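Each of the next two complexes has chain A plus one more chain, namely chain B in the first and chain C in the second.
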Partner chain A sequence: MKLDQATYRLSDTNKLQTRALAAGVIALLISVVGFFVDTQQFFISYLVAYLFWVSVTLGAFFFVMLFHLTGTAWGVVLRRIIEAIMMTIPLMAILFIPVILGIHDLYHWSHADVVANDPILEKKAGYLNVTFFVIRSAVYFGLWYLIARKLYKTSLAMDENPTAEQVKTLRKVSAPGMIVFALTISFAAFDWLMSLDPHWYSTIFGLYYFSGALLGALGIILLVAMHLRSNNILVEEIKVDHYHDLAKFLFGFTIFWGYMAFSQYLLIWYANIPEETIFYHERWVGTWKILALMQVFGNFLIPFVGLMTRNMKRNLPYLKKMTIWILLMHYLDLFWVAVPNFHHKGIVFSWMDLTLFVGIGGLFMWLIWRTLAAHPVLSLNDPKLEESLHHEIP
Partner chain B sequence: MSNERIEGILAEFKNPAELLKAAEKMRDAGYKDYDCHSPFPIHGMDKAMGEKRSILGWMVGPVAFVMVIFGFLFEGWTSTIAYPLVISGKPLFSYQAYGAVAFAIMVLTSALTALVGMLALNKLPRFHHPVFYSDRFAKVSDDGFFVSVEAGDKQFDREKTKAFLESIGGTHIEELIAND
Partner chain C sequence: MSVTVKNNSITPVLEEPPLITGNQTFASITEKISSITETKPGKGWALGFSIAAFLALILFGSIGFLFWEGVGIWGLNNPVSWGWAIVNFVFWVGIGHAGTLISAILFIFRQRWRTSINRFAEAMTIFAVICALIFPGIHVGRVWVAYFMFPIPNQMEMWPNFRSPLLWDVFAVGTYFSVSLMFWYTGLIPDLATLRDRAKSMLRKRVFGILSLGWRGGNKQWKHYELAYLLLAGLSTPLVLSVHSVVSTDFATSVIPGWHTTIFPPYFVAGAIFSGFAMVLTLAIIARKIFGLEHIITINHFEKMNKIMLLTGMMVGYAYGMEFFIAWYSGNDYETFTFLNRAFGPYAWAYWTMITCNVFIPQLFWFKKIRRSIPAMFVITIFINIGMWFERFVIVVSSLSRDFLPSSWDYYAPTIFDISLLVGSFGLFFTLFLLFIRYLPMIAMSEVKGVMPQADPHYYEKHD
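Up next, the complex of A and B:
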């Protein structure tokens, strides 16, 4: 991989793209075998892997809008990377099709006979039915794509022909975009993840998924930036100070995630209503307890202590390890929320968890590098680029 | 006139770049108790002055750590030993509920430590500073760039310091004389 210093375009990314695509396609093909061996397990593994990667996409989408709204200077050098992650929305829309195909294996509210014998589900049938589920999901992806595309196109147009209008447009799109995003990601979390257990209620669940999504996005942003750095690209532009700021975000959103997780837990524990406590009860059975404790210690305490000081945030090899750890914990978080609905006795890992994670991840990475290579990796005419390049944390 | 004593020396510099250079030279000459004054923050000034990172974090961190444990144990003590009371049928030692209080105590004490520590490290509050003996110093909020050296500095010598400030490009060198 090389960088043209004049145009700031990446070249020779073919090898990386081919590798990611090959890994993705091969892993997906292997998983197809699993589909015939154990169909339900295939869809469970698929859903967890899918929810992980789509959370990365949505987290990146949030950061792009946040950057435009706050008028950030430091983040401008990172924006093309984040935009490339954001522009995986169409891919994620296509990859959602298997979830719809597996709807009867995943969501028991989708069975008419189950609903007929369940007074609670019967009352919810107006919302939780297959047609409306598909329509809602289509609406989410439609809205996300429309907003993301407008943001990305405007940002690219700025490279060719910068005008003051573009900056205003980006802001004007981001402000309502943020509201749309807040609502859609909440409902998406309710639909895709929480409705696995349609008897359970938690109003904070949308935020819980959102807070994890931010960690997932920051993790992938850091890894992509570090990969560029390891190829001697943008070493001068994305400085340690930028990594320091990303690490601050990582630290801050770890606390935010912990805050959401604890808020959900404390209120349910405190009220002690059976229909709510069932969630934690199911996730405290057998070996699930290990993953439950992992949420407290691995997902919160270790990153909290491990990203506390300035030196930890500025030590890039260390930060990389911490990032990978946080991504792993984010995956296990989703795993712990989703899978106990199917395996009630304890943790069941399947080989398809791995192959489908790599499968979707491979396609995801392929698209990111493709998008990054297609346009300059820096937003060259952004009015704040100069300030971003000189970003320094005293 | 017998009460007159010198509390420091003030020198003016032309622009931020000069001030930055002067700060570096002051640092290299071994001055510790000096300060640079400008109407706006200057990038790289901390480094030029050889300022170390504040130790405030190391004051707040241990306080936070101790107080979060204290908050937890304190609530545990009140609800199991001092005033045992069964609330909504839960065990006396319901550690889940202590999180919020422990967290709040931690935040409160660390915030107070940060505030008091910051003031103490900045030697605040104080009612007066020798630089205000100078009339020219009013320019500092407009277009003045100053270096002040306090008489308490080990390197401080009335004549030598004045000469040094002049040699690094300082103008309008003034003695800050207390007259009380």
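Up next, the complex of A and C:
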């Protein structure tokens, strides 16, 4: 991989793209075998992997809008990377199709006979039914794509011919975009994840998924930027100070995630209403207890302590390890929320968990590098680029 | 640097307006702000102070009567055992949050515009928390055993319930008060030294001399000061979230529909910041006008604050919506009933007041004209203050008044003493606030100077 110093375009990314695509396709093909061996397990593994990667996309989408709204200076050098992650939305829309195909294996509210014998599900049938589920998901993806495309196109247009109008457009799209985002990600979390147990409910659940999505996105942003750096690209542009700020975000949103998780846990534990407590009860059975404790120690305490000091945030090899750890924990968080609905006795890892994670992730990475290579990796004419390049943390 | 920015033609369009206007110098800032505390205040201040002090006397009078007669003088009834006292407590604690957000979180986010408003926002925090602390204190009924709220070793081996959110409140609000006070005082030290150096009378010299703790403004002192400030900002940041989260658990750990819902902690925090900003803005608009601070607290500061209110107002709206949706989605009859009852039951008037003031009216801030119109924002902030008080009223009263047993349902109405305590608490708040702006620098002079163009070490090279 090389960088053309004049145009700021990446070249020779083919090898990387091919590798990612090959890994993705091969892993998906292997998983297809699993589909015939154990169909339900295939869909469970698929859903968890999918929820992980789509959370990365959505988190990046959030950061792009956040940067436009707050008029960030330091984040400008990172924007192309974040935009490339955001632009995986169409891919994620296509990859949602298997979830719809597996709806009867995943969501038991989708069975008419189950609903008919369950008075509570009957009440919810107006919301939890297959048609409306599909329509809603289509609406989410449609809205996300429209907003993201507008943001990306405007940002690219700025490279050629920058005007103040574009900066205003970016803000004007991002403001309502945030509202749409807040509502859609919450309902997507209810639909895709919370309704796996259709009797259980929690008002904070949308925020819970959102807080995890931010960690996922930050993790992938960091890894992509570090990969560029390891190829000697943008070394002077994305400085340690930028990593330091990203790491601060990682630290801050780890606490934010912990806050959401703890709020939900504390209130449900304290009130001890059976129809709510069942959620944590199921996730404390057998070996699930290990993952439950992992949430406290692995997902919160280790990054909390491990990203506290300035040196930790500025030591890039160390930060990389911590980032990978946080991404792993984010995956296990989703796994721990989703899978106990199917495996009630304890943790059941399947080889498909791995192949589908790599499968979706391979396609995901392939698309990111493709998008990054198609345009300059810096938003060259952004009015705040200069300030961003000189960003320094005293 | 290898990148050359090709086109800078749009940079001027996006240039941020200067934070401080009117060609101020360091000297003019010092003069402007210090002189307020050094000269005799105008008639407006005296009138305001007499009204506020009168209302504060009403508060103390009402408290006295409450101790004499007991909590029976309130409008509490059988299902509604928490009334205005708790509403007022949550309201005042919430007001305080803007100060901490401005001084700590905006500091950490490198928002330099905070320097013009942080001092009196922090002062407001402290006074609001004082007002808040009165209410649970007088709510215990037997006020002479109020010390039972603290885990004090005693010969009866009586301990408070450590699992009770009411005890967590004591710790959370106590911590909040002490850290806020420390943060505020630390920030004041350089300015107190300025007042000391300007003092003409012996008394002022002595008082400010003691208060400024020997500040000389040396390099080392600044270095230590800034480190302490950063650490206190770091300590205050989690407090912005934790205090109102703990307050929300007073309700949310129960099993009462409308109280028990998992979104309560972040929802309360957003509401607290929302109401706090509204209060800061109300006060800032008045103070700016009376003392002629237009060059230091500019319309750009107000616009930024209005944006924060628009944002937090929508967060609160999100929480209202989520509660409603999940109440239906839960399929739980009690949940559904509670929310329909809020919107269409006997307290529908309060519910719709809340929705109108908190969700609909702040939407006007989408328009730049309104964000920059002082009369408009003044009116809107008053609406938000009203709306946020009603939010707590709706939560506390509507859920209690119709509980699980229809035979015990009752309608809660306040008595004259509920009203006098609320009005009186505003009196206390304004009394303290007016004393503050009379005797202490209401704007952080040293910090404002730090964001002026002259603070740039290369400023004079360019301007020679």
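One rule holds for everything that comes next: the second predicted complex is superposed on the first by the 394 of 394 C-alpha atoms of A that agree within 3 Å, B and C clash if a C-alpha of one lies under 4 Å from a C-alpha of the other, contacts with A are read in each partner's own complex, and residues count from 1 in each chain.
FYI, a contact is a pair of C-beta atoms (placed from the backbone, for glycine too) under 8 Å apart; a residue touches a chain by one contact, two chains touch by 3 or more.
As the structure is a computational prediction, the values presented were derived from the model and not from experiment.
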Exercise for review: Would you mind checking whether chain B and chain C clash or fit side by side on chain A after the superposition?
Suggested key: clash
Check your understanding: If you stack the two complexes on chain A, which partner ends up touching A:275: first (chain B), second (chain C), both, or neither?
Key -> second
Review point. Which of the two, chain B or chain C, is in touch with more residues of chain A?
Key: C
Point to revise | Touching partner for A:162 - first (chain B), second (chain C), both, neither | key: second
Review point. What is the contact status of A:392 with respect to chain B (first) and chain C (second): first, second, both, or neither?
Key: first
Check your understanding: After superposition on the shared chain, which partner residues are touched by A:202: those of chain B (first), chain C (second), both, or neither?
Key -> second
Exercise for review: Applying the touch criterion given at the start, work out whether A:266 contacts chain B, chain C, both or neither, answering first, second, both or neither.
Suggested key: both
Review point. Which of the stretches 222-230, 312-320 or 438-446 of chain C runs into chain B once the two complexes are superposed on chain A?
Key: 222-230
Point to revise | chain B/chain C common contact set on chain A | key: 266, 270
Study note, to complete from the structure: Counting only contacts in the complex, chain B reaches chain A at residues 43, 46, 53, 57, 61, 88-90, 96-97, 99-100
**Study point:** In the complex, chain A residues that touch chain C
**Key:** 5, 8, 71, 120-121, 123-124, 127, 162-164, 167, 175, 179, 182-183, 186, 190, 199, 201-207, 236-237, 255, 259-260, 263-264, 266-268, 270-271, 273, 275, 378, 380-381, 383-386, 389-390
Check your understanding: What residues on chain A touch chain B, complex-wise?
Key -> 262, 265-266, 269-270, 272, 308-310, 392, 394
Review point. Where on chain C is chain A touching in the complex?
Key: 1-3, 5-11, 13-14, 163, 238, 241, 245, 249, 252-255, 260-266, 314, 318-319, 322-323, 326, 329-332, 366
